[in-house]
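These are the structures, in structure tokens.
Look at the two complexes coming up: subunit A is in both, with subunit B in one and subunit C in the other.
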Partner chain A sequence: MAYAYLFKYIIIGDTGVGKSCLLLQFTDKRFQPVHDLTIGVEFGARMITIDGKQIKLQIWDTAGQEAFRSITRSYYRGAAGALLVYDITRRDTFNHLTTWLEDARQHSNSNMVIMLIGNKSDLESRREVKKEEGEAFAREHGLVFMETFKRECLILTMRRMALRSVLSTRRQEALAPAVRVLAVQRAGAAVRCCAAHTERAKRG
Partner chain B sequence: MDFFKSGLKTVLGASEPGQLPSGAETVERLVDRVNNSTLLEDRRDACRALKAMSRKYRVEVGAQGIDTLKQVLELDRADNETINYALDTLNNIMSPSQFEEEEDNPHVPMNIGEQFTEMFIKDPHNIQLVLDLLDEYDFRVRLSTVQLLTSLLTNRTKDIQEIILVKPMGVSKMMDLLGDTREVIRNETLLLLIKLTKGNANIQKIVAFENAFDRLFEIVSSEGYSDGGIIVEDCLLLMLNLLKNNSSNINFFKEGSYIQKTLPMFNTPSDSDDAGWSPQKVSNVHCMLQIIRTLVSPSNSAQIISSCQKIMKNVGLLDALCNILMTSGVPADILTETINTVGEVVRGDVANQDFMGNIMAPSNPPRPAIVVLLMSMVNEKQPFSLRCAVLYCFQCYLYHNELSQASLVQTLLPSSTDVSTLTSGQLLCGGLFSTDVLSNWFSAVALMHALIDNPGQKEQLLRVLLATNVGSTPVSLLHQCTLLLQQTTKLQSKVALLMLLSQWMSYCGAAVSAFLQVPGGVGYLVNQTCSNEHDDNEYLLQGLSAFLLAICIHFNDDSVESYTKDSLKQLLVKRIGVETFTAKLSEVSKHELYNKAAKHPQLRVKIPPEILIDYEFCRLFKVLESVLIQSVSIHQENHSSEDQQPPPEDNLEQYKTLIRQQDARLQELMQQLDGLMQQNNALQAALNDSIASNSLLKDENTLLKAQASAKLPSHHSSQSDQSSQATPGQNSQSSQATANTDQRLSDSENRVQALTLEVNRLTSELRSALDSKQQAEVELDRTKKAQEDMRKDQDDLLELLADQDMKINEYKMKLISMGQSVAEDTPAENELNLT
Partner chain C sequence: MSKQSDSEDFESADEGQTLQTKKEKKEIKKLAASTKNVEQTDGWDDFDIEETEAVEISKSNKKDETEKPTSQDTGWEAFDDWGENDNNKVEEVKPNTKSTKDVHKSQEQADIQAVTERLAAATTKNEGWGWGGWGVDSLLSTATAGISTLTSQVSQGISTVLETGIGAPDPEELARATKEKAVNQETNVEEQPTAQDTTFQFGSLLSGVTKFVETTGTKVISGGLDTLEVIGKKTMEVLQDGDPGLVKKRAMLGLDTEKPILSQILREAKERADEEDKMREAKREAKEVHYETLFDDFEGLVHLEALEMLSRQVSMRIEERLRSADADKRQDIKETMQQVAELCEMPEDDDDDDDDEEHGDSSKEDVFHERLQRATRDIGLKLQFQPLIKQYTDILQWLDATEVVNEKAIYKRAVSGLAQATALCVELYHKTAEMLLVKNRRSTADEADALTQLTVVLSKHVSEMATLFTEKLSKQPSEDKELINNYITNVFLEAGNSSKYVENAFQLTLPIIQIGAV
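So, the complex of A and B:
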């Protein structure tokens, strides 16, 4: 149960591209062929091991329907990473990537890792978006790109994302000691200032 | 300014009302001032005055000032004091409660705050204005803003929730306030969040996502867990809101290891502890128990329940809860709720049920906790709600657990009767035949739960013998129950016995046969069913009797000669009639208390008279009702095939799995079909192509043939034309022509042949092209696979590299900490560049 790191990720992208299926495959180790439209968001979790360390991934699967867009925006700020998903058999889902990216960049922390996923690559015969196009888009926007439909690809993607998060956390931690001292000092000061208030303030 | 001040003074002092401006006029003047004055100080004073008037003259200030006030929020943001007056005024106007000042003013409508709220939120932008003020660090402004939002939410919960939900960062901003180091703000924010999250799953999820559980547990722990003040209760109420009916959040709570964090809440005060159970502690623990129950509520999905139950056992929570049961001095309502909670934590989980069954109470002599609990259940002096809780807990203990069912029945069997120790079975038998009607009911229902879906125990229980009087021959338990059913006049006892017998005899021919042998049993049921009394409870009794009678028919194994299946059926048809029987049966599910009981496994009753029907009985009734009606109305010849059907629930389950399997199969086949359709399309296209080219060649061929034959007939006709006047010269000429034509004919034929060959060649070429295309595709697939493998390898290498980088980083860190300087390069970026 103990873990070295905990990261929160979100899955975004148009409705029907297969976000919930990806989450289920990742957390429950199964593919569910029929899945309802997501309402709001759903939560899933999974532990992975990197470098012998347990890493807990908490994943929020958002609803792709336009009506839920504003709810989804509430999830960017707290997320360490996002899986941006499109469906290679539906060009419109690829065309909308820019909008998604804008939304994500506007509402998230600057260091949020974004992975681009071209989903349903098992449906080769119905392909509308070439793999090269996905790659080009990813290169242009500095994203990591993957075409997935197999579980293994997905896990690998998640591991890569987690790896990035670990690295970025470690880099922050390297700076942390100094920051932490500052924080403690400031908190101490605040406590003293408010001590007088506190007694009166407690409701009872 | 002076004029205004004195004006206000007179209004507020109001010694001579006749001559002085009315409240409305003063308000109007003040609003004007806020609107038109260019001096900030003027506006500030006017706002302060409006605030002062807004309690007594709420209607006037609200009606005239609401627009002006929100303008202030927008335009005077730089001045905290003014903003604060405006906020307080708005807060007063929209306050959900009545002020003392307006108590005897008949002109103030009761829901005035709600009406003004409605006006205020007509423009959703106004909420944004208020939300923006949360960014203000000033203590007063922040506090007033939080309070205003709380009032707004109290008045129009749903509307405001929807508005806030679509404001980016709306919810997040409020969550940030939980981290405010000023406790007043933090505490007010708790109240705000409780209102905000009420009944709105989307908001609940965002709040959970924003680390609410972490924050709340931090606060709870810093306040001293259950010994903390009302703040702890507020935190727990908020958690409860976040979890209720929200499986996503429950999942998050479980996955986030928060169940473990509830443990310190259940530290019971030791006897030496002076504080003991303060009212606040009772509330806090009660809340926490509610949270636990929300996680394992029978209305959750089976998957969630079972994983939460396992965690609760593993982290020692079940143990802690059972400890509370065994501790003395625990207040009754905490004890009751803990019993309910323990029940739900063990319900249907064999390991947990086992754990519970093995707990010994520290009594003298030591007894199993279960026995001690049952002692309370059949004890008239115990509080009613506690007795109900014990029944529920015991039902949970037996639920889906053949072993615990068996061990209960075991305690009643002759072999194990050890007079010196008190057993569960003895307690229940005692309760069954006691003079306390509630004990009858609780015991009958408890016993009934030992028989659910358990044919083995139904037969075992038939072996139980009771010694009624000293010296008389012992009678069977079933016999005694049947006699009691005929003798008792109490409704609850009758209903309880009818339910017990129904559960016992359904799917059990031996029990039916035992019942049929009890004198008067069948007659009693027939009389009850025919009875003609009119009141809801009588209808219920008639229906239940009809139900049991039909069970006697349907599950009859014809072993009692006087009451075979057929003879009983005839009896029913003659004495009661199928129509009447059906009508009586249908009365059961019409009873108010039946419907109440059918909703939830736990009895949710407040007073003893409401106790009548049990949840599991409702399930049995639902399953059997139509089966029995059919069985009774079906003609005698074809009944035999229906004997000993497997339980319908099993059937239902079987059908469900079957449907699920078929669904999956269907899905699979659909996918296959999809693929085949595509393949078919491609082949069709290729076929069309070759058909087209074939027919092109054919056309050409026909054309040539036609050309060739066009030559022939013209030749023939000229020949016949000329034949009448044939001359040798002409003849030779014509033979020359014939030779010519022959020549051309054979030319044509040659060409046709050549073309046919060409067609053949092209066709075979096409075929080989198709073949090679197929080969190429196979090759392509192989290459693709290889490529993918290589990519995977590359990815793995990448990971390895990154892992190494991490290690390097670590070593660097160590070096740095040891005072070495290290060349500055960032390994993570290298990794990024590589991908």
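So, the complex of A and C:
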């Protein structure tokens, strides 16, 4: 399928918070989960149209297990955004958010948008993390926040995220016309132009 | 320098000699038409039209001359500007430059003569100057001499070219002329303060020659094209003089007598639209069977990208270990890495057709599954071959189906089948790499062996798949054998593409195997 832009979003968070479920909700892909646990990373994609342009949102759904942590770290590069997910029925998944955030900040480029998602908000009776806590955490760390379990809500939010990515890409294009070529070609502008960022961040 | 250029120089020398003696009347007549300043004559202005810079410099030289007529050097520098034959002229004129003001004036006269001589040249073919001597520049100056005489002169010039049998002016000559002119401009500029030193001129000429040799290549093209363009432009100018769009001339020639017929125009417009539609359709179809796009749609590209990221990160980790290790340990690591790399070298194609016979009665997909399992027996991971097997099964079923399909459908299925199989292969390497990285006990040699075997099996798989499709294509009863052959060639090309992707994925996995041993 042809597209004008490709944006990469990475889903991170503890194991079992429902990352793969979010991916399934967001994409129409019918994949057969051969294994219950994600190995390394799985992919999903969805086309959206902004300004008459076809935009491919490519989701990298990472494994939450500790063993895959270092592998996940190598996948941040070039992501336009990250979906940091916790389970509102499990306090520990909320407590681990800081380490996830550190990972994300350290291995991605500085202008990556991070969205905090409190998942499984349909299980109100088992709630362990208050919505206000999630909001406070997001405010403190400059994240976009939402609680969800609904597909429509997620798709709408992703669309807004994509809009931000488009805008930021346009800004970069205005600054450096060469970026546009890369962006249109594939893999999103961020992949290439942020390589230097990442390298610098690692060294620093 | 070639022999040819020598002879050119000789002819130029000839020109230099004749300058002061011949056709003075003619020149004076021509001069009368121009203004009193030499540099303002048409001939001069247009003479160097292809090199504006040169014109400017020579103009400034000319101005120098008029400002301080007693200066000894400016005169013959301006002379240099005349073009390709100046090295000889320089020799000729040298004594003059050292003489009195009067002589200098005659020198100036000679300059003017040189211009007018050229102007006259095209009309007086019988002068016996070879084309080689003054080359296209003369034709150019002729063409730009004056609008009134231009048409006849150009046509004459062209007929001369045809008559003499030389044909179009030799681009090399052209380039030479242009370049030498440029070189001489340079020497002029450099030489201004030391112009009296006559030997210097010779030396810089030599350097000019070598310089010229270096840059001839580009000059040949630009010079030739520029000249043609100037001639063409001027010709159109003259032809359109007082007749914009050539309306009258066309009417005169009876080109516009046919009145437009509305139905005809409409029919043509419709045909054009149909043509465009067809092209658009063809483009769309081409996109539909575009291997890379399909490979992307089947997630091959994103798996490859992820595998690249892993590979790069692991390579960096290995580098780090090498850096932090002491000399002995470093050597040890390097040797180990080399050994692993050797283990992962692809074996030569030894056709082990015998294993096909072993599975005489089992289905193709089973044979494939069996091969995959045998190859990766010792890797110590539970790999998922199911997607690959399923895709193969689907294709085999599709090929065996009795329903009649056209060759285009077969071709499409072939390309998409190969793209999908390749995407699944890349995914398999990516998953294997991830699992190896989280594996507790590494057994590098086994892993290297298994992945090498796997690569052999997968490469064979894509080429076999391509063969199945091409067999189906060649069995197709069709008139258009050429189209079928085209399709077959393309299928094999894409199969080659697939093999490359597979091998590339294997190479990316290499550091992940290596890090287990260091």
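Assume the second predicted complex is superposed on the first by the 169 of 204 C-alpha atoms of A that agree within 3 Å, B and C clash if a C-alpha of one lies under 4 Å from a C-alpha of the other, contacts with A are read in each partner's own complex, and residues count from 1 in each chain.
To be clear about the criterion, contacts are C-beta pairs under 8 Å (C-beta built on N, C-alpha and C of every residue); 3 or more make two chains touch, one makes a residue touch a chain.
Please read all numbers here as calculations on a predicted model, not as lab measurements.
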Contacts of A:R170 with subunit B and subunit C, given as first, second, both or neither: first
Subunit B versus subunit C as contact partner of A:S74, first or second or both or neither: both
Winner by number of subunit A residues touched, once subunit B and subunit C are compared: B
Touched partner set for A:K130, first subunit B, second subunit C, both or neither: neither
Which of subunit B and subunit C A:G40 touches, first, second, both or neither: both
Subunit B versus subunit C as contact partner of A:R159, first or second or both or neither: first
Which superposed partner A:I50 touches (first subunit B, second subunit C, both, neither): first
Which of subunit B and subunit C A:W60 touches, first, second, both or neither: both
Which superposed partner A:V144 touches (first subunit B, second subunit C, both, neither): first
Shared contact residues on subunit A - subunit B and subunit C: 1, 34, 40-41, 43, 45, 58, 60, 70-71, 73-75, 77, 187
Subunit C-facing residues of subunit A, complex: 1-2, 34, 39-41, 43, 45, 58, 60, 67-68, 70-71, 73-75, 77, 186-187
Complex contact set, residues of subunit C against subunit A: 287, 293, 296-297, 299, 301-303, 305-306, 309-310, 312-313, 384, 386, 430-431, 434-435, 437-438
In the complex, subunit A residues that touch subunit B: 1, 8, 33-34, 40-45, 50-51, 56, 58, 60, 70-71, 73-75, 77-78, 107, 125, 144, 152, 156, 159-160, 163-164, 166-168, 170-171, 174, 187, 190-191, 194, 197-198, 200-204
Contact footprint of subunit A on subunit B as seen in their complex: 165-172, 181-184, 187, 201-202, 205-206, 209-211, 229-231, 248-249, 251-252, 255-257, 663-664, 667, 671, 675, 678, 792, 795, 798-799, 802-803, 805-807, 809-810, 813, 826-828, 831-832, 835
